[in-house]
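The structures come next, written out as structure tokens.
You will see two complexes here that share chain A, one where it goes with chain B and one where it goes with chain C.
Presenting the complex of A and B:
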């Protein structure tokens, strides 16, 4: 990994616990990650591992009433977002951090024209006039590969295909030229040919604008093709992170390997979720002591069940495992 | 446009049936309406003459056909109490009723929309809980009790908004509004309660939708998210209800006009029923039914304006 410019975003020990009748649910439990300009950080993990909550915690987009406690820091371009007043975060949202959601069929307002939804943000944040906003909106739709933008601006969402809608939501996210884009499974709801088009589009826009991207996905195939760095999440924690190529070629955490082995084969149904790893993710209300993956880990030893492994490593490749792959098998696994 | 025509064709049989029922209803009432109107002192001859004038001596179908044909030409007959034509009596009374219902509806929506939005935004909060209790109370009260309560509170106790009879709008706007405020409020209070609860429910559901999160992700101010992004997709039940409630308003208006002595259509109906004024009763009911049906048609069409999805489907 070569020397890079300062990170756009750096979170440290970020924590989001929800209030549930059973007690605090540790959806995100001490995550430290960063992303540099022009780079794409992939976040993968099984369903429920906390990916969406992580993204939303960055910009404070979680139901306030549901939250039991939060912690950690989120430093975005020198600004502290964690615990910042709502007005400060609202000013960052949409202007300096754009977001794209999973399902383009539901993430656009059904009763507002595409043009209005696209220009609202610019008009609010940048104070541009109607005409200028219109002009920029046309340019944005062109940039995301929508033909006949003039007509599309007057359309309602239901008049567009799924792929087209996701292009529109990307255009909306980019409207104020943000330096960071948070994309939560932006292709999961799309069919497979459209998926790769959207991923290529995101890659192109990122390079053109030197924008940092955090791409949340279930799909290791997507990770391999579109990310520079990778963070693997398990039960609210990062268990392995590093440059994508390194994590793929020198996988250290057994959970990462399980995910890699679960990549859908070419004959799998498009959009298929990761094939299952034996066992269930642990309860986030009452997580196992020690390593949270231990109950499902083929290599788990007594130490794994007793002591929590720290996220450590060298050269930007870090992993949280007492007996990482590539090291000798732990004694307990032999018995 | 095609939609409008289709709906009208659907409505024609409904109107026909209802008008016949109205016509027949008065006929099947026990006793002779002509005798009832003229009173026991009238001679047999006088009764026979009146029966002939209003077609009571003909078979019902033929009389109905005759009545309907004239109604189509805008002639609903004449009151045999006052000799005034039904149409001119309606024309005289209608503005009062329309004003009353319009004021009630506008007042109802003007209060219910912000309250509904607010209570949804802060659902289960203090304001929401208090409002929920309060609205339950207003819904539970019949309109004449509510009206009497308002009379006790405002003119009697607080000595404001005296009910000194009705002032016509053309006479004095201020005086007119003063005489209309309490009646409109009586009609509006239960509407406010129901409207705001319905809007609150839909709004809570909308606020959970992805597109609202997306709007929040755009960093728009809260009022924009609530009133520009979330209100419109949440307002379909409210609009249906406001439309359906016109019927409720119309029947409420009869009570309220009577209670506050407003010379509206409701009052006209009540007084012609007291006077056994058959022609007037039939005319007023027919008119009311047509208006009611027309308003429901209007509400249907309003959907198309509000929801581009139904507009599109209809056009396809």
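Presenting the complex of A and C:
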């Protein structure tokens, strides 16, 4: 592997619990991850595993009233974001950290022209003049592959197709030349041909600008083709993490393997049954003791139900499992 | 019935379901017309599964609904066992309805939230005045067949179930009248990979057990490849290609099919997508579709002839048909 520079972002034991009538819901429960300039970190996991809450926790974009407690640290370019005054976070957000979410309509203002939405951030954060902002906006739209940018600047979001809207939100996210881009399922709502265009675009822009990207997705294909590093989340925790190629080829956590085996592979016999994960994701209000995956894990033994496995490993590949794949099977499961 | 000729394109004698030259249109603002489906023909043999793929807005749902007569197509014929459903009156359509059932994309919204699971699944039988003990026995059988315990879930309401469980309930409901034809419209698209694997396995089991004839609509190509005997590819209201799943996926003849397959992200980090765009642009509007071949505005092989003359379906391999002047097959004319 090449020498790595200092991370742009480093989270340590990040925690976000929501207040619910049943008690605190541990949406993100002690996550430590980092991402270096120019690299793409993928975050995968089942629905409800905490991917979106993790991204939103980084930039403080969560409803304050819903939060029961938070903890941990988020260090962004030497600046501590966790617990920073709202004005500081607001300044970082949209300028040095760009954001793209799944549904472009929720991040675009429906009654504002595309041009205004693109130039507002630049004028506010960078203090550039009207003309200059306009010029940069045109260049950005061109960079994200929108033909006839001059006309598009005057359009409202509803006048654009889904793929074009997502390109516009990417252009807005990039307007102030951020060093980190947070992308939450940016292509889930799009067709595969448009998805492949957007992913290639993100890859190109990341390399050109040496920008770090955190890409949340539940598509293992997207992860394989677009990320350098990968974090697998289960029930609010990272269960396995490392270089994407290593996590795929030398999978250690049983949950990661289950996720990989549940997708139909091109070389499978037609009609072959797929591997499934028995049971359902656990309650985040009252999570199982020990390893949270134990109730569904084929390798689970007594120790798994009693003690929580730490996220540990070597060479940047870490996993939270007492009996990882590749090690001998635990006594209970071997019988 | 006539035997299949080149003019018949892909149609085969003796098919259980035969869709002939179906046209579906919707009114658009300004007195214009959305050409959702423009003369599509295909058939499905008894017990066969036909996968229908294509970009968003290509007309997949519109075809599914036309088959169901919900509403009947604007023109063309839909033959079930040789009977043209489009010529039947309302009462007659009602009489054949039990033989055709559809499973919709959004499991929760297609189930009545005020009814118990038992009530929801048994409702189609009650409409047909089946006797109470018959209904109870059949509902129990189907709930078990879809992997739910009738005693435990029968009296609960759909809102108390997860997305995957609701999809099981709607599949049980669709099968309760032993339909000959089952239309699944994006039945697994909104589900998590692990739940999706469970539902796909369930459909494979049910297919072995009840041999329904299936039209399986989905935009996820890996899923379609896994479950289909044959595959039909749509683009902007037209069929581009149809044939055995292995032929279409293994040797796509239409440039659009090839682009679609190339756009699918491969869940293998050693296969890195190239930086080159597979396909430029986005689908044109179905209100004003391009002349000639509808794919020509994005097609890398397009020639002047493609704008002037609409390509007709013709055989390129045994059972494999394509509508393209310059298909990607050995021996075909090169542009």
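A few notes on this one:
Please note the rule applied: the second predicted complex is superposed on the first by the 318 of 335 C-alpha atoms of A that agree within 3 Å, B and C clash if a C-alpha of one lies under 4 Å from a C-alpha of the other, contacts with A are read in each partner's own complex, and residues count from 1 in each chain.
The criterion applied here is as follows: a residue touches a chain if its C-beta (ideal position, glycine included) is under 8 Å from a C-beta of that chain, and two chains touch if they have at least 3 such contacts.
Note that the structure is predicted; figures quoted are calculated from it, not measured.
Applying the stated contact rule after C-alpha superposition, one finds that A:92 touches chain B and leaves chain C untouched.
Residue contacts after overlaying the shared chain place A:156 against chain B, while chain C stays out of touching range.
Once the two complexes are laid over each other on the shared chain, residue contacts for A:6 go to neither chain B nor chain C. By the touch criterion defined above, A:47 reaches chain C but does not reach chain B. Contacts of A:196 after superposition on the shared chain: chain C is touched, whereas chain B is not. In the superposed pair of complexes, A:79 makes contact with neither chain B nor chain C.
In the superposition on chain A, A:250 makes contact with neither chain B nor chain C. Residue by residue along chain A, chain B and chain C are tallied for touches, and C comes out ahead. Overlap of the chain B and chain C interfaces on chain A comprises no residues.
Every residue of chain A that touches chain C in the complex is listed here, in rising order: 46-47, 161-164, 191-197, 199-200, 203-204, 218-226, 244-245, 248-249, 258-260, 262-266, 268, 270-277, 280. In the complex of the two chains, the chain C residues touching chain A come out as 55-56, 162-163, 192-194, 196-198, 200-201, 204, 219, 221-223, 225-229, 245-246, 249, 259-260, 262-273, 275, 277-280, 282. Chain contact summary for the complex, chain B toward chain A: residues 209-211, 213-221, 224, 228-229, 232-233, 306-309, 312.
Those residues of chain A that touch chain B in the shared complex are 59, 61, 90-95, 98-99, 101, 103, 106-112, 120-121, 124-125, 156, 158-159, 169, 172-173, 175.
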